[in-house]
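Labels run A, B, C and D following the written order; every chain starts at residue 1.
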Amino acid sequence: MKRFDPERVRHDVPELRRTVHGLEMAYLDSAASSLAPSSVIEAMSRYYERTHTNVHRGVYQIAEEATEAYELARRSVGSFIGAPHPDKEIVFTKNATESFNLFARAWGASVLGEGDVVVLTEMEHHANIVPWLQLKEERGIELRYLGVTDQFRLDLTRLDETLAGASLVSITAMSNVLGTIPPIRRIADAAHAAGALIAIDAAQLVGHAPMDVVDLGVDVACFSAHKMLGPTGIGVLWARAELLASMPPFLGGGGMILDVKLDSFKPADAPHRFEAGTPPIAEAVGLAAAVRYLRSLGMDAVAAHDLELTGYALERLGSQFGDKVRVYSPQDLVDRGGVLSLALEGVHAHDLAQVLDRHGVCVRPGHHCAKPLMRRLGVPATARVSFGPYSVERDIDALLGGIEHALGMFG
Amino acid sequence: MDDLEDLYREIILDHYRSPRNRGELPTPPAHRTEGFNPLCGDEIVLTIVLDDDVIEDVKVDGHGCSISQSSASLMTGVVKGKSIDDAKGAMRSFKRMMTVADEDDPDADEPIDVRKLGELAALQGVVKFPVRIKCATLAWNTLAQALVEMDA
Amino acid sequence: MKRFDPERVRHDVPELRRTVHGLEMAYLDSAASSLAPSSVIEAMSRYYERTHTNVHRGVYQIAEEATEAYELARRSVGSFIGAPHPDKEIVFTKNATESFNLFARAWGASVLGEGDVVVLTEMEHHANIVPWLQLKEERGIELRYLGVTDQFRLDLTRLDETLAGASLVSITAMSNVLGTIPPIRRIADAAHAAGALIAIDAAQLVGHAPMDVVDLGVDVACFSAHKMLGPTGIGVLWARAELLASMPPFLGGGGMILDVKLDSFKPADAPHRFEAGTPPIAEAVGLAAAVRYLRSLGMDAVAAHDLELTGYALERLGSQFGDKVRVYSPQDLVDRGGVLSLALEGVHAHDLAQVLDRHGVCVRPGHHCAKPLMRRLGVPATARVSFGPYSVERDIDALLGGIEHALGMFG
Amino acid sequence: MDDLEDLYREIILDHYRSPRNRGELPTPPAHRTEGFNPLCGDEIVLTIVLDDDVIEDVKVDGHGCSISQSSASLMTGVVKGKSIDDAKGAMRSFKRMMTVADEDDPDADEPIDVRKLGELAALQGVVKFPVRIKCATLAWNTLAQALVEMDA
């Protein structure tokens, strides 16, 4: 496996050149949003400086160029995740959350009714819970949850029971709180055996590890560009071509129709059927640049780098603080990514993050949009540490110094 | 502006000004299929009568740009009176010329012998204008749709 | 009124420095999407280079800065349109189309049922038709349409009759095909007198003329940043504070909740209730920069500039081509903006646009996402000419040259 | 890191470690109101008993950061036994100190005499940390909500 030098990545990321409170920034919040390399920022600037106009409806030179850039982004994102038919399967949304809502509304609301079962897990992000709760409210679907073990793994002991009679399993491919990566392929096979579809929340996985939707055996995947070195304002829904083609439209407007009369309309084919209005064009260009950048690092190497840092952090936290720091994450490096959640004895996560800020360390305190998981863990909030390809050991060293300070202050 | 003249060849302008087989056949016996180009609003109404495996008659109506309308007119000239197989063969050749060959076209990567395309070759200049390819293929896609609907 | 020099604006817009087919670009498609000044492009780059991270959930320095920039954008957009309470009334969406869908789903689907009446006009963009057609399909609401006169104005002769018993009037503030600006204040008063709410599609107006939602007397306004010199990927829904506060959520996910349990959730207050998932942060920063740029030009001056060019175009088209060019637009300069639609004798709009492209002229052919209007006009497609603050008379001269060429070619 | 010490003054850490009036009063007679800070997940459960115009008893439970919890503790100390009007006056002063005065506060623009705020003044350092203002005001907003619910 080719490895990359994280210092070179740091050099590519302009934001890491700034200081906070006079210190080098130790950005340990990539799970919230990653920092963009200059190739991504410049791709978008260049788009606005040379090519920008609306897509799909012009015949003039720049309209063709803009359309081509947009559709090329669809293809490059598709090929990045191993989509068999990118042109028919990739829908650009505004974020992973919209992707889930689109899927829940277009597929869910047209197929599911009273008593139909959707299986989630207790480690889901709200983006993969609330849309289903809305369907529960409106259409009476039933939600079942796979639990979380005390080792912060998905509890699969009752998998087949839970799947029995289900229509869909919608499940995170990597927990944004624990870092846990569930065995998607195994769950996908079980889901299909039970006659259910499987959707994955790939928001945390896609920018951090190799991912192939065919190898995973899934039917739907949702993710956001801003967590994979790309821009804000764009997300992706991938769904198998036949599944997507079978789904009725969600948002209505220009670009998603074949015809509109005063009393009726005919929707266009997928994926355009799901892209109402002017799409995030510059953002698609930025996302394509992010994919290019990630490919140049090598996704195996990106995953290995995250794990190396995770191992270092686990080891140092344990040896330096012992029981004073609880780690809500698998303690080994198997089937996990570069995310770990901390809780300090006597120091609320919010206060820890505040003290860390003065050390130049950026970590996120709170429930991380996973309140059901926080209830399961029995902790109101954690301070989450997460890595990107620009993260280095001295970020973790700065974290350790800040924890020391916080413990002293509140102890 | 050479490639503009390549796009708008005289034969295309002629078919645009004086479309062949224009109008609608009575249904029944004709089968009627509508085709849209959602992006530019072009519309094709294709009416077709089969006699066994032969396209006995076909007419097109609708509105659109010179490329979509002349392509429709040229198409009717090529397929009318031909067997369905021959029509499908012409469709495959045309789509290959337009660089949008179907995935299940076994000869998709073969070089195209434009001489075999006859008058259809007049539309060759369209490939330099990617946005217009949809205009040129609209009538053919509508024909394909009609054949599917008729199980032919 | 302060006037600006359009050549200075051209200088500020990098895209106008490029050539097409070796010619200066005559960009006459601002109604589809406007070109961004460098201050907008740079504001976003600077954001990614210095401040980017996720908003609302961090306590560290850059999280505070990003949140502040995002919320500041909300305030600056709000004050630009005269919103009384920007912090409670401005929702950032992905585009004007999502804004309409959000309003139709959150308000419409919760309030309207079988037989309830929504009044539209025959000059609406699909963005303000399809969401209501979807509600018609699903909930049986009734749609009524105000017609269009042969002078390309809204037909108000039966206004009161049409409004009788209606729940909502949703109407364009400026037609993207005709350029017509309907008398919104008058219609708003009539709507309120009839007990109806009024929403406006401000997509074409907001970047081209002074606009004050209180003066207009409207309840809801929808628009997109990319038509007002801003970026793609962001739109705005403004609604009166009490109205917005009364609306149930639309998209579900992180950021729009107070609490989530396994079987239920509590939504947050407006506007956050309507902003599920990571919002378009960089795009909000870009939109704020666009608003700043427009303010510096002065909206009165922007409107006057558009009209001056419109007058020049109308005059030259008439004198040079007579009946050979039909203009689908009001022929005077009263209550209209800088948009006009053309149809040439014997030349399809698509072909005209193709020929114009070779003259460096960018105009949009087609139905402009207004198929009902095209049917009303009895024309399958028009070539639409539209202006921005960077447009100049020589753009129109290039257009005239191209029309001459096309008429010769197809004549 | 001076302003960090300004934020976490000793009195705040003391109220955080040993919160006053902690727990829940039995309902009824107490009225119970929950407050959330949706962004960070802080939760306050406030139980309150009124006797005419006087806050006879008040307790808070819940969880959150040192700022939200110490602010709640400090608040109970200030309002318990006070008249509702006095409690509302303290609330207005506190919110002005936090730079989030209500629109209908007539004195919103008046300078604040911190000496009048007593122990509450310990939270003054929060204003330099805009994100934490929501933590400091959570208990007060929950109290305001409770008073509205009780029509008091």
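To be clear about the criterion, a residue touches a chain if its C-beta (ideal position, glycine included) is under 8 Å from a C-beta of that chain, and two chains touch if they have at least 3 such contacts.
Model, not experiment: these values are computed from the prediction.
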item	value
Pair sharing more residue contacts (C-beta pairs) when C-D is set against A-D	A-D
Where chain C and chain D are represented by their mean Cα positions, the distance between them in whole Å	45
Distance from chain C to chain A - Cα centre to Cα centre, in angstrom	31
For chain B paired with chain C, centre-to-centre distance based on mean C-alpha positions, whole Å	37
Chain D, residues touching no fewer than two other chains	39-40, 129, 132
Of all residues in chain C, the ones touching two or more other chains	57-59, 63, 257, 259, 350, 354, 365-366, 371
Chain contact graph, described as a line, ring, star, complete graph or other shape	other
Contact pairs between chains, per stated definition	A-B, A-C, A-D, B-C, C-D
Residue numbers on chain D that touch chain C, as the complex places them	36, 38-40, 129-132
Contact footprint of chain B on chain C as seen in their complex	346, 348-351, 354-355, 358, 365-367, 371, 374, 380-381, 409-410
Of all residues in chain C, those that touch chain D in their complex	56-59, 63-64, 67-68, 257-259, 266, 268, 272
Chain B residues within the chain C interface of the complex	1, 4, 7-8, 13, 16-17, 39-43, 63-67, 69, 129, 132, 135
Interface residues, chain A side, partner chain C - complex	14-15, 18, 20-21, 25, 27, 29, 32-33, 35-36, 38, 40-42, 44-45, 48-54, 57-63, 93-98, 100-101, 122, 125-127, 129-131, 133-134, 136, 143, 145, 224, 226, 231-235, 249, 251-257, 259-265, 276-283, 350, 353-354, 356-357, 361-366, 368-369, 371-372, 375
